[in-house]
Amino acid sequence: MKTIGILTSGGDAPGMNAAVRAVVRSAFVKGMKVFGIRRGYQGLIKDDMFEMELRSVSDIIQCGGTMLYTARSVEFNSPEGVAKAVKICKKRGIEGIVVIGGDGSFRGARDLSASGIPCVGIPATIDNDLACTDYTIGFDTAMNTATQMVDLLRVTSESHDRCSVVEVMGRRAGYLALQTGISVGATAILVPEVEYNVDKDVISRIKKSMKTNKRHFIVIVAEGIGMVNDLSDYIYQKTGIECRPTILGHVQRGGVPTVTDRVMASRMGCHAVGLLAKGIGNRVVVLDHSQIKDIDIFEALAMTKEFDKKLYQVARDISV
Amino acid sequence: MKTIGILTSGGDAPGMNAAVRAVVRSAFVKGMKVFGIRRGYQGLIKDDMFEMELRSVSDIIQCGGTMLYTARSVEFNSPEGVAKAVKICKKRGIEGIVVIGGDGSFRGARDLSASGIPCVGIPATIDNDLACTDYTIGFDTAMNTATQMVDLLRVTSESHDRCSVVEVMGRRAGYLALQTGISVGATAILVPEVEYNVDKDVISRIKKSMKTNKRHFIVIVAEGIGMVNDLSDYIYQKTGIECRPTILGHVQRGGVPTVTDRVMASRMGCHAVGLLAKGIGNRVVVLDHSQIKDIDIFEALAMTKEFDKKLYQVARDISV
Amino acid sequence: MKTIGILTSGGDAPGMNAAVRAVVRSAFVKGMKVFGIRRGYQGLIKDDMFEMELRSVSDIIQCGGTMLYTARSVEFNSPEGVAKAVKICKKRGIEGIVVIGGDGSFRGARDLSASGIPCVGIPATIDNDLACTDYTIGFDTAMNTATQMVDLLRVTSESHDRCSVVEVMGRRAGYLALQTGISVGATAILVPEVEYNVDKDVISRIKKSMKTNKRHFIVIVAEGIGMVNDLSDYIYQKTGIECRPTILGHVQRGGVPTVTDRVMASRMGCHAVGLLAKGIGNRVVVLDHSQIKDIDIFEALAMTKEFDKKLYQVARDISV
Amino acid sequence: MKTIGILTSGGDAPGMNAAVRAVVRSAFVKGMKVFGIRRGYQGLIKDDMFEMELRSVSDIIQCGGTMLYTARSVEFNSPEGVAKAVKICKKRGIEGIVVIGGDGSFRGARDLSASGIPCVGIPATIDNDLACTDYTIGFDTAMNTATQMVDLLRVTSESHDRCSVVEVMGRRAGYLALQTGISVGATAILVPEVEYNVDKDVISRIKKSMKTNKRHFIVIVAEGIGMVNDLSDYIYQKTGIECRPTILGHVQRGGVPTVTDRVMASRMGCHAVGLLAKGIGNRVVVLDHSQIKDIDIFEALAMTKEFDKKLYQVARDISV
């Protein structure tokens, strides 16, 4: 391949810029030309792109968000949309595309690949909810941002002998909530993957800790569970501890990328270009037991992820 | 005076610990004994206190919250409560008290002073809503924490061409919202002190900026205004810009104290002890045009604060 | 005036970008055209400038450093250099210039003003060493960055029962060192403005604290004193406490601007444009007891700054 | 086992407290008693320890450093010292010890195990230089702290068109330097594990980048190489780019533990107690391809670590 495109799609994740940079720079090492496509598949269909230079990606490795912007495209989710995208690629001479995003983005990459434009996916979502890979870019930054914010809540909770009930992002997945919950020593962690009973898994645990003179508490609730306002009221009613609900919200998306996200994005970006350079498409770059590998997109999308129950048990044992 | 008490009361504010430390240390320089009273006036009534040593306040200057804890006391707000407090003071030999908190706390200090226990107030609240002083401990940290969080939101808003509508604390006051709004370059800032019209002051401003190719926006709303969810819907409806509401919440209370808060608390703490050492009570320590002074509590509570309209205009002029 | 220039000069300071933004935006409100001059007076002489637009200064308020770059110019420090600068201004139609920097930069502004190009200075240096103003942009950020770093050192010092001897920036001035020293609870603070005796002001203070069971220490040394390696050795030799010297260095320049720096820069930037709009030059914008005012540059450069000895005493009293 | 001891030894590392907490809490789950031994093997020999309670480890998971303090002990490094330690253990009823530290600490654990007190090591050092494990507690925090500081330097380097030459910790290992170097987009990274030629690997790379209009540079040098002052001078001499050397120093030790360090410490702490509970000693807990396992201490100490040359090449390819 001589010319490739690159786009970011779906929710933004810290580290996407580091991945864009790695793709551009390693494509240049291999003598390729790179088009930066703005606002994901929508930009592809609208031919909203620019030829990137070596210095286009200078001083972005430390920036959250995505310099290529991102958007959702309804139009692309149709055979006509895909056909339009293929046409634009032909016109521009784009022979392959690196798609940085989550599973929705990979479905687009699969369709484009099937239509003759080989695509390689790089997993990037703060939710870490992709079954095909141990890691998705943005997860480490988001969990650290969430944890830093709950560390702030701890201070005021402690001063007032209160309980903070905090909703952490993650869509239908509880990975972000679990890591954050362990990191802040949460007395209870509620995630969609583990059945729970509020009386047993929250109220009893708080009451038990109260007996050992603990007077302030943190309860972490995954976005997929929600209901932090009701839960706060219920905890107060059952324990007498004043509660304050907090929904951390989009702040969690915005962190300065951590080292893990910058390095992982760099490694995955280089790997993706290596595949396209060999003409290989329809692959997702993955982390598999600390090794960078790649797998078929169809297979990747069909996999189901197992929740780390053992880690969840660690949290329960030591946060008392 | 040979023996004084110290308590923190009302909402916690970063820098309270630095004030406690300064009070203890400067009392020691003057040969005084200090009782640390836990959980504000409630602890005073319950005789929940301990004699502090030089090292009791080591390694707390950098900690948010309050090592003396804080609480609201209904009981103290009655002549019987105050009488009880006086009795405890006599029993313990406490001749004066330093009260760190906001206007509610100062009303208690006024009542105690009137009942024979001279009190000196140190203003500490993240809202900076006390008329008697240019500065209240905790304000600088809170406004920096709020700004850092909106900086995070900016990143994701920009990637998605969105508008972030953010509620900032401050109870009935807009100082925190104004400082944060200027610092993040908010297109609109709504505060209780300034009348507003959403169409003119938010929608028109956004539309005008859109014409100059601005695609992402930040709107800051003071807690005293609220309604960020409705406002988000309205902005989307009128401008077509996707909006995300965020309520920053108690995270704003928890920051590591900034230098301004640590230094201001140190200066005010020393000044408060200087007053008690001379037997002077019923005073509030204040910052008046960068000078540390003190004024009568009755007077302090009667003052009304003027909003800095000129600064508000600066914000409007340059955030376009 | 219809057209003005803006430049940043001398050492960079966090908040310079916020000042540039305020100048550009308030000039636009007044219908002026603005040239952004790159790399200070050197860029002016080389005619290295560009016409700024409303959006040129978008998304920079939160960035440290200066988007206009900065440099020192030997050539400008001569009558020929100034004449060249005046010629370029005439050619470009530049009728006045806003100069953001420290005293060296203001000397240039004075010379240019005297040669017919009215200049207004905005004080920006992390050292806060200008006599004419209570505040210089960048100081708040730098003192918070320095404090955060010494907070990190405290953690490891405490774990090892060590003494950290830390050099803080400030050139010949001790303001940064004093604020940092108070904020970290330094057992000793050495600044050029206060005579000291190492045995009395460092060793004795450490030994006295050791008797009260303090086992880890922080000593802050202003850049103007230096010698942290020798001082470390000496402390170890005299007290038996293991010491670690650290020179914080240029890291202190790079912080994300704090709210104080962003707001102060916004206010000063607007004030500077207000002056030029009225055709007034040869002035420095200053903070005088929390009010923004302006004074004559000649006078400003002739003033001498007094060190806050009272604050220094506060530090000595409470850090024991 | 009914009673165990726990100590931290060698250089402090962020996350040590999280490990202590996990050990205490999971020992309690298993009905064990835990002695907290102060200042490592030195405290063991001096019988400086205290019985820990459930709440002894509250609110420490977010703190860097070690609540048990750390120190080096010359006396313990002798058969007599070990014998003394064994005697103290017998007296106290300590049947096993968890040792948190680096390879020096593990040699002590090996000797104690051989003398009849089964020990389990938990790897904790910011250098990540232990061959037996993919991860040592503290590494993630340290590399993020180092990166944040170089991010600050980048800002000022860029404003002045300078080159920052930065020494990063790591003793004889280059892991911290490599991760930091990739994360900051360093033009050159010098580590002890890879042979280098300054002209080819630093000067030529900078000159090549200058041709593509890059004007500011970062060079990362591992502690094991050092010489940043000389290197700075040499770069200036050869390229004309102004250089500023910085030695980050002990600040790198002090960070608030990241999520990875808190979670890894929690997992390793639980695993260590699980081993002692079964009477198993002379083991080191390790991370092996994202799995927590354990290996023989003798074997662990005999292993040699391989440097990730492929990752080093990634750095060279994309930082241009």
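Residue numbering begins at 1 within each chain, and the chains themselves are lettered A, B, C and D in the order written.
Following the convention adopted for this analysis, a contact is a pair of C-beta atoms (placed from the backbone, for glycine too) under 8 Å apart; a residue touches a chain by one contact, two chains touch by 3 or more.
Note that the structure is predicted; figures quoted are calculated from it, not measured.
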Inset, instruction - Could you tell me the least number of steps, going only between chains that touch, from subunit B to subunit D? - result: 2
Legend entry - Where subunit A and subunit D are represented by their mean Cα positions, the distance between them in whole Å: 28
Legend entry - CA centroid of subunit A to CA centroid of subunit C, Å: 39
Legend entry - Centre-to-centre distance between subunit D and subunit C (centres being mean Cα positions), rounded to whole Å: 36
Inset, instruction - Indicate the residues of subunit A shared as contacts by at least two other chains. - result: 151, 154, 158
Inset, instruction - Give every touching pair of chains, nothing left out. - result: A-B, A-D, B-C, C-D
Inset, instruction - Sort out for me which residues of subunit A touch subunit B in the complex. - result: 8, 12, 14, 39, 63-66, 69-71, 145, 149, 151-161, 164, 244, 246-251, 253-255
Legend entry - Residues on subunit B engaged by subunit C in the complex (per definition of touch): 21-22, 25-26, 28-29, 54-55, 58-59, 61-62, 134, 140, 143-144, 147-148, 151, 154, 158, 179-180, 182-185, 212-214, 256, 258-260, 262-263, 266-267, 269-270, 289-291, 311, 314-315, 317-320
